[in-house]
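Take a look at the structures listed below.
Below, chain A partners chain B and then partners chain C, in two separate complexes.
Let's look at the complex of A and B:
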């Protein structure tokens, strides 16, 4: 394939070329600073246990093996934690978007009586939190402890996100809704067919904020779930990082006694493998949601 | 926050007392008990031990584990929120908090009725330590399995020692120093002569210690708080040989006899340095050799396991040697006031004590045999595969029996057993084991508020001394800093407690 010549190309002068080279070098160094620690962690997870214990791993696996990754994936509850987190994130985000949109829409309508008072209630609950133990008692009383609902319902609506959506709805032109009303659309129809399609950018951003919140939630998952089968990815990671030493000690003590299956399962190796595996879903999803994340950074800022 | 937790705990517990189920033993097969334990690296309900526990006791049990982080928050919130676990297996401080807040069920009557083996398995001294102010027992003990374990020693490369002309292991602090000098003169900077500190979470009551206790023993220093000859409670800095010990550590650093990165080393750092063959001596424990011995053999750093040797706590030139006993609570199990089946909970634990050998060690001829000395020798790999995780499911032991049974659990690892045999089992003079007068001390305010801070300051100072940053000249400044952190208040509490014990 022949190279196309860019006819609009303007040759760079020397100073511009130098600046470009410096930019490449600086960005290259910064990229390496980001990539090398990741390579180190991944390499540790894939390296021979003795090499890991001897500190011989840098940025490439030494005597590569898959026992550690295999153990993490099949014996440590990794997939169960991933499943739980995916369920909580997907179902939770869907429920949160439903509650957020159906709350934000009426509150954005100027003709909705009492909207000021209801908005105030949301603001109050946003500023003041009842406390961990009362919240725990509520979750316990309604009987959803140690279920997916305990990780979803307490966050079914995040006031900040609701106000973002409400403000966006308020910025839409009234004429559009009036036209829909003239065509005979009721409120629900107007919301679904007119408002939501016009609000896709903010909805995508808020959905992303919810998804990140559900994915990253450690504290509440820790408080409201107890059984191993309900462990989320964040709980799993905290537990394996803190318990890897005990686990490795337990497994390792059986090595070199006629069975060597566990000799690659070192503390550092297991933590590295678990961390490496856990970021794969994020790495896969990131290219598709990157632009919404950038929007998410500016979504709360004041419009000029 | 603490006050709020306390108020809520009290309110919930008052309600719980009124609502507690009627006393009735339902028996195995008729009830499913709920047991909450500390954090666990595996699925506690899917482990191979679960059916073994069922076989041993007949009880169906649902197991829960606290998370690795914020375990206290989780436990106290759950109990405040009305959790109804039948048995909670927890650390001593957690037990004290729940006891102080009235969350625990008094067990004296239940133990007399259903827990005779539990009661018989532990001493009066232990039971007294588990009583509340009302004289009732509020917990059952899972004691450290060995009361006189040498849980801090020096692991040495015997091959390198011999090559440098060291033919006999040192017993005194001067012999030890001379050995380090000899190694340094022979090897120069080719090797790190000695690395450390010992950092391990599995060292029981001294788990947070980073001090080389097998060296401090030569100065008669074995704990942060000690009792002098006149019955006075003294802090480590007030020990007559504290300054001498600091001078010794300074000397080791200044002469390049210890790792220059001593204070900064993490557990994995010292493992790496020893396993890779860069260090000749390492401050060690059972946990350390479990991870290091096998890779050293595999990597060819040592030819046989006998290329490792161990130095037990050192004596002073005047014969002084003090090493702290390892007796104390490992965990305590208690029954919550909200428990629906307290009688079955105690009955279940009692059955576990009755079946202790089966649960912890297994079946003779299948999981273990008795060796020529009458000691238990595990049969591997079945012992490790079918009893390796049993410790997590224990709530109480017959302490004397367990001290005999437990070494077999170490024996499943060649590295651990090699070290354990050469240190704890080889200890000739058990008079070096010093009593820890704090082992059963109930919670007290100043101690709870300030001792961790005091201890960290002390430990930081010693680490800095081993880095050559602090010297004996800095001891007065340290003492002043300690005084500002309520050292005297803590001392007053401990003195009062000790005086009570002495009576």
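Let's look at the complex of A and C:
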């Protein structure tokens, strides 16, 4: 700390000032590049249909309305998709955390006999991949096609995450475990009441990594599910983006007061509204989970 | 722990005996492994058995279930591979995979390094944290969301085309343009990943001893010289490690992105190995040939990844696993 202060007491020379100005300019541009597309989509989703069609939307809504959002939420299967994704994410993350912690703990113990062999199994499974079709045949054989389980199985244990937790457990002081053993606690008890409470930050990080995997995954849902009632958020969103025009047309033809109801519904506006609905939860959750995410990156990738 | 007290060499019989003594004392540790191994066997190892489909004339209904059918389908040797290599789609997919991922490495790899160095020059903690946070947000978005966002921006009637049209230029369909499609992939990849990789480099920069900067300053080094002679050498191991990883995983990246972004019009420039595997298998139900293609990909990817890890271990003493 005091060292940093010393540096700051020396007056800034021109190169330092120049560097800071360049930094503000470049990072300012990058920040805008990150924000503006999101702002544009949300604005479009909230704007008047005519303005959307006329291409008058930039980064703020024009004549704001909620009809498009309302339509997307109520008529397009949004809540069904949200429900499916929530179930997959919650149940999946719970299962993944269970398998991850119970695998990481034995492997983290220096005295554990067989740890070399078991670790090898996990490393092998990281570098050898059977392929899309063999995996599909397995899912089909065990009869879980078109169920939540098919979307959970692929991430039920992610080796990389398991190794993050294992490395963290290895860094905990051995004395605590030893004293627990002397007190007569068995291995499961030690894990639950000693190790886990000491590992909350890494567990939160890894749980978040899993939750994002489940939440964002498009491929497994597309591969393994087929019925519309099983559609996840990502599938739903993809369909809306690609088929919004068809949806809008069907609405015109089927709805009695179609003309009236649909005056704000444009293909572009519907796509934007659906995308916005998926951006908003993430942006709302972001401030709370950001810290853990940054931890996740640093523990995961810069380990020695 | 007390290995120094044990004799140097112990017989295999004694080792098995010690193992069982340990298992008896710690049965729970072994029970704990079951859930993980259960899923590992089902989804990671069982499909490995299915690789032999690549060498068979696979008939889905030859057995009582799809996996059973594998062993009951006749062997055809290398015929699936021969057919595959003879098809023009194969070389297109291989070429596109290398070109697209090569472009991504070439144009995107340096960006987070620059971003992290610049971010480090900002003195106001609040501004620094705010910008880092903002740049990092897109990493949380799924590829479908990013597709939707850029569809909204770059579609025929998106804001970019409206501006182009207002300026008198022709509207461009970026998503169906043979010349733009790869750049679209590179740009959106950069948009999503730059913040994530910046965080990694920020952590590396934070690990550099501030004494080095002071010494450089005393020697009269200005900011640029400090960056060149202290910061960059300080994060060089991280740079090399990430570059090795990127090259090692060149066949394994970008699948979901391409699968979501591409369409038949741009197959010639956008179809990569994995999307081709997917279309062959699920689209055309040519399971055997798809598995052959997947196996080709896995073998080359395996060599690359293990090679990358060897390089990383030899030069940086760091292992991926």
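Note that the second predicted complex is superposed on the first by the 254 of 304 C-alpha atoms of A that agree within 3 Å, B and C clash if a C-alpha of one lies under 4 Å from a C-alpha of the other, contacts with A are read in each partner's own complex, and residues count from 1 in each chain.
The definition used in the following text is that contacts are C-beta pairs under 8 Å (C-beta built on N, C-alpha and C of every residue); 3 or more make two chains touch, one makes a residue touch a chain.
Values in this document were obtained by computation on a predicted structure and should not be read as measured data.
Novice: Is A:166 touching anything from chain B or chain C once the two structures are fitted on A? First, second, both or neither.
Specialist: After superposition on chain A, A:166 lies in contact with neither partner.
Novice: Touching A:268, do we find chain B (first), chain C (second), both, or neither?
Specialist: Both: A:268 reaches chain B and chain C.
Novice: For A:126, is the partner it touches chain B (first), chain C (second), both, or none of the two (neither)?
Specialist: In the superposed model, A:126 contacts chain C only, not chain B.
Novice: Pick one for A:227: touches chain B only (first), chain C only (second), both, or neither.
Specialist: So A:227 only meets chain B here.
Novice: Have a look at where A:140 lands relative to chain B and chain C in the superposition and call it first, second, both or neither.
Specialist: In the superposition, A:140 contacts both chain B and chain C.
Novice: Mind working out whether A:38 is in touch with chain B, chain C, both or neither, as first, second, both or neither?
Specialist: second
Novice: Could you let me know whether more residues of chain A are touched by chain B or by chain C?
Specialist: With both complexes superposed on chain A, more residues of chain A are touched by C.
Novice: Would you please give the residues of chain A that touch chain B in one complex and also touch chain C in the other complex?
Specialist: Touching chain B and chain C on chain A: residues 53, 55, 131-133, 136-137, 140, 219, 223, 238, 240-241, 268.
Novice: For a test of understanding, state which residues of chain A touch chain B in their complex under the given definition.
Specialist: Per the touch definition, chain A meets chain B at residues 49-50, 53-56, 76-77, 131-133, 136-137, 140, 219, 222-223, 226-229, 235, 238-250, 252-259, 263, 266-268.
Novice: Note which residues of chain B are touching chain A in the complex, please.
Specialist: 4-5, 8, 36, 39-46, 64-65, 67-70, 73-74, 77-78, 80-83, 201-202, 267-269, 271-273, 275-276, 287, 290-292, 294-295, 297-299, 380-381, 384-385, 388-389, 412-414, 416
Novice: Spell out the part of chain C that touches chain A in their complex, as residue ranges.
Specialist: 1, 18-19, 22-23, 26, 28-30, 32-33, 35-37, 39-40, 42-51, 53, 65-68, 70, 114-115, 118-119, 121-123, 127, 130-131, 133-138, 140-145, 147-153, 155, 157-159, 162, 191, 194-196, 199-200, 203-204, 210-211, 213-214, 217, 222-224, 227, 238, 242, 255-256, 259-260, 274, 277-278, 281-282, 287, 290-291, 294-295, 297-298, 301-302, 305-306, 318, 321
Novice: Spell out the residues on chain A that touch chain C in their complex, using ranges where they run on.
Specialist: Of all residues in chain A, those touching chain C are 3-4, 6-7, 10, 13-16, 18-20, 22-24, 26-28, 30-31, 33-35, 37-38, 40-41, 44, 53, 55, 57-58, 98-100, 102-103, 105-106, 109-114, 118, 121-123, 125-138, 140-142, 153-154, 156-157, 162-163, 186-188, 191, 212, 215-219, 223, 234, 237-238, 240-241, 268, 271-272, 274-275, 278-279, 282-283, 286, 290, 293-294, 297-298, 301-302, 304.
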